[in-house]
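Note that chain A is present in both complexes that follow, paired respectively with chain B and with chain C.
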Partner chain A sequence: MIRFALAYLVVVAGVALGAPNDFYLSFATRLAYYGVYAMSLNILVGEAGLMSLGHSAFFGIAAYCVAWLTTHGVDGWTAIAAALALGTVVGMATGAVAVRVVGTSFMMITLAFAQIAWGLAYRWVDVTGGDNGITGITRPPLMAFDLEKQSHYFVFCALALLGVVFILDRLRASALGASIRAVRDQPRRMSALGYNVWAIRLAAFTVASVFASFAGALDCLQQKFVSPATMSLLDATMVLLMVVIGGTSSRFGPLVGAIVVLTFTEFSGQFVSRPRAALGALLLFVVLFMPGGIAPWLERGFVALKRSLWRPRAGAGAAQ
Partner chain B sequence: MAITYLLGSLTYGGLLFLLTSGFCLIFGIMRVPNLAHGSLFMVGAYVGVAALRAGVPFALALLAAGGAAAILGAIFEAAVLRRIAGDENAQVLATIGLAFVVGDGILAVWGGNPYRAQAPHALQLSFRMFGAVFPAYRVAVLVIAVLSAALLWLLIERTRIGARLRAGVDDLQMTRALGISAPALFTGVFALGSFLAGVAGALAAPIVSAYPGLDFDILPLALVVVILGGMGSLAGAFAASFVVGGLYIVGPVMLPELAYVVLFLPMAIVMAIRPQGILGRSAP
Partner chain C sequence: MTAVLEAKGLEKRFGSSVIVSGVSLRVAEGERRLILGPNGAGKTTLLNLLSGDLAPDAGDIWFVGRRIERLSAARRARLGVGRTFQVLTLFERNTVVENVLIAALGAHARRWDPFTPFRKMAQAERETAEALRKVDLLPLADKRVADCAYGQKRRLEMALALVQSPKLLLLDEPFAGLSSNERSQLLDVILSLPAEIAIVMIEHDMDVALKFAGSISVMQAGRIVVEGSKSEVIADPRTREVYLGH
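Our next item is the complex of A and B:
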């Protein structure tokens, strides 16, 4: 997984550095933290089997937290730490209610929470600036690096992505990761074995919201702007689309999905006049014809390629 | 003042009931949470405004709006939803995909400006009662909504089609085993639900006007109603529609900054205490 993340970043960096201007570098930066965002949602969708329609709430809350604090004289790193703390608290509080139910009800209740967050951002004008959002955010310096330079900020976000990939890999391999998957597949059996199904789901929900908050904080510092649109249903759907297009069963599916969806939304405007309709059509296509997502296809192709290039060592086939 | 808000709440509640009754029918029978329901409402609003502007009589404009939404819904059910029956996540994503396509399609046809039509002449006057001014159109909307609720009740409780629908809600497998065609039932239900959403949109158009983004403005309200009332329960949706209509009209006046909290917090509380909704049956 780490190797894949590295390859991902090499490709992304190659695209960015070979490009004529900062636009591609900004795009590559967004690829990095949207990767974090999509992976955080996949903890819920893929690992815990809970499809959330309100994940953008945590992304947005953290973005607003960083924006408000930094524009009120608080140091950038303290602001990020505060955003993570807020994400944890809000994640635990809303998760405690939301994970009491599964399936459609879970989707609806997470949607409701995201709408509350969106409504607060939209209406609480004194704090959030309403529809105008908050502007004038600056990136804090990191030791000798000036993160205001796009190339430096890109490297920072890329390292952040690697860190998150590493942590999530450890989580997956841990006892908690195993029990999250077990609760997805066999909730009754886990309950009969004495596990607290609700607490395990809550743990997954909280972890997912913390990493979404991290991505939101990075987004705020990248865009230097935050508005209620970050928490809209449209954005919640977009990140869900990343996870589904990439493939929920695969560990690197969300990263693939982030590339596909962001590239699509960013560049499709040049080829089709209606990008949102195109996104909708893409969603319908994936649901109808590639229910497993893109990643399993790629994985199979990659394994075949590996086979043809190297002789498989004993047991190497079982690695994936 | 209070009476004006009351009427506003009742009108909005009536519109919400028309919208959510369709959602409830679809969810109750097909178990599909139709997130394109707001889009069908928007299609109804635009078609209704277009018809009114072309000088079509009001009643016909409502039927045209409902019909357009019904045709769209039926095609979508037959072409897409049927292929992914039983896969809840895929259905949710497919309906979101449809919502995006419809939203952008409407933008392409009618452009980005709000699209307005006047209420029919006969309903443009207003009258005074209890010291408050009542616009006649709002009263008419309320009457139409209540009449539709009564018709829907008659259809479901007193006709052969209704008996099939109720059978489908109670035990779909058994219904199919008795020889009732499930594909026809599903397409019919989806068309009927879409029809109701379309009529609600056309009725709402003279009040809120048709504009891009109407779909995702109205959808959360419909979801709140459905969850408060209990997924698939028409009686629950009827009661919850007026509660939410009231919260939607009065909330922004009382607590402008917390309008959305006022709207969504009751739903979160209900979900926490009684996940199946106030009048809903426990999930199967």
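Our next item is the complex of A and C:
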């Protein structure tokens, strides 16, 4: 997985280095933290089997937290730490209710929660700035690095992605990671084995919300602006699309999905007049012809390619 | 002998249907209790009440001197109530050894460990190997469960329950769907279990069930109608009445 993450970063860095201007560098930065965002959602969708429609709430809450604090004189790093703490607390509180149910009910509860968060951002004008959002956010310095420079901020986000990949990889291989998947597959059996199914789902929900919060904090510092659109239903479905298109069963599916969906939404407008309709068509194509998502399909292709390259030539042994 | 399990006046209704009514059961340490009865007698519901999968509407359950009827299935499992299911509930995508490791960790505090690779937890690894040896699945440890034969999966179900060293083992039709060869293999496993484990088993296959049983409870329409030692219950005319209707 780390190797794949490095390959992912090479792609992202390639985009950044080949950048004729800051636009591509910004795009590569977004690829990095949207990778974190998509991976965080896949803890719920792929690992825990819980299809959430409210993940954008954590992303947005953290973004607002960083925006509000940094515009009120709080140091940027303290603001990020506060956003993570808030994401943990809100994740635990909402998760405690949401994971009591599964399936459609879980989707509806998470959707309701995201809509409440969106409504608060929209209506609580004194704090959130309402529809105008919050502007004037600055990035904190990091030792010798000036994160206000887009190239430096890109490197920071790329390293953050690598760190998250490492942590999630460890989590996946751990007892807790195995329990999360086992609860997805056989909740009744897990109860009979002494596992508290609700608590394990809550742990998954909380971890997912913490990493979504981290991505939200990075987004806020990238955009230097936050508005209710950050946690709209559209954004929630966009990250879900990344996970589904990339492949929920694959460890690197969310990263592939983030690349495909972001690239598609960013550049398809130059070629088609209805980019969102085209994205819908892409989703249909993936669901119909690559049911597990793009990543497993790539994996199979890679394995087949490796086999064909390494296969000894017929008759080579006889010739010797 | 000390009672491992004692249930008094258990009752369970689903809507207006009474599935279990006034059932009392006492299982001593090391006892081998068979529960018999026709389909719909309430056997599996009774087992679910004992394991915590269902909460009783009335009655109480004591397990090694502790009242447990309001405890969750998970809490009861951690206290020492193990069970198998009539329908296989295995982790099909995992290997045989991973299945048993997950089961072993259910009783460990380290089940919450978010960083140590779960396949490298030494204590659980030893317990896992021991459980697999008991059910004769050690050679298949690294085989994916989805690729195992049905009989092997049934034995794996048993290993999942055994690895937690239960004081009470509830077996829900463990021989269902097995060939005669597989049945005798599994029966050997059950008969070789440590004598101190109390076992309550539901089974329709009389040949294997009677080889296992020390005592028998016969259920009909949610009630226990005959109870006693194996010979007493077999000799009781009510047993025949329950099964043959005359």
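Note that in this section the second predicted complex is superposed on the first by the 307 of 320 C-alpha atoms of A that agree within 3 Å, B and C clash if a C-alpha of one lies under 4 Å from a C-alpha of the other, contacts with A are read in each partner's own complex, and residues count from 1 in each chain.
Here, a residue touches a chain if its C-beta (ideal position, glycine included) is under 8 Å from a C-beta of that chain, and two chains touch if they have at least 3 such contacts.
What you are looking at is a predicted structure, and each value in this text was computed from that prediction instead of being measured.
By the touch criterion stated above, A:Val10 is placed in contact with neither chain B nor chain C.
More residues of chain A lie in touch with B than with the remaining chain of the pair chain B and chain C.
In the superposition on chain A, A:Ser191 makes contact with chain C only, not with chain B. Residue contacts after overlaying the shared chain place A:Ala93 against neither chain B nor chain C.
Within the superposed three-chain model, A:Leu159 lies out of touch with both chain B and chain C [touch as defined at top].
In the superposed pair of complexes, A:Ala173 makes contact with chain C only, with no contact to chain B. In the superposition on chain A, none of the residues of chain A is touched both by chain B in one structure and by chain C in the other. On the side of chain C, the complex with chain A involves touching residues 51-53, 72-75, 77-78, 82-83, 85, 89-94, 98, 101-103, 105-108, 110-119, 121, 160, 164. Only residues 51, 53, 97-98, 100-101, 103-105, 107-109, 111-113, 115-116, 118-120, 122-126, 232-234, 237, 240-241, 244, 273-274, 276-277, 279-284, 286-288, 291 of chain A touch chain B when the two sit together in their complex.
For chain B in complex with chain A, the touching residues are 31, 33, 80, 83-84, 87-90, 92-94, 96-101, 103-105, 107-108, 216, 219-220, 223-224, 226-227, 231, 256-261, 263-265, 267-268, 271-272, 275-276, 283.
Contacts from chain A toward chain C in the complex involve residues 170-171, 173-179, 181-182, 185-186, 188-197, 203.
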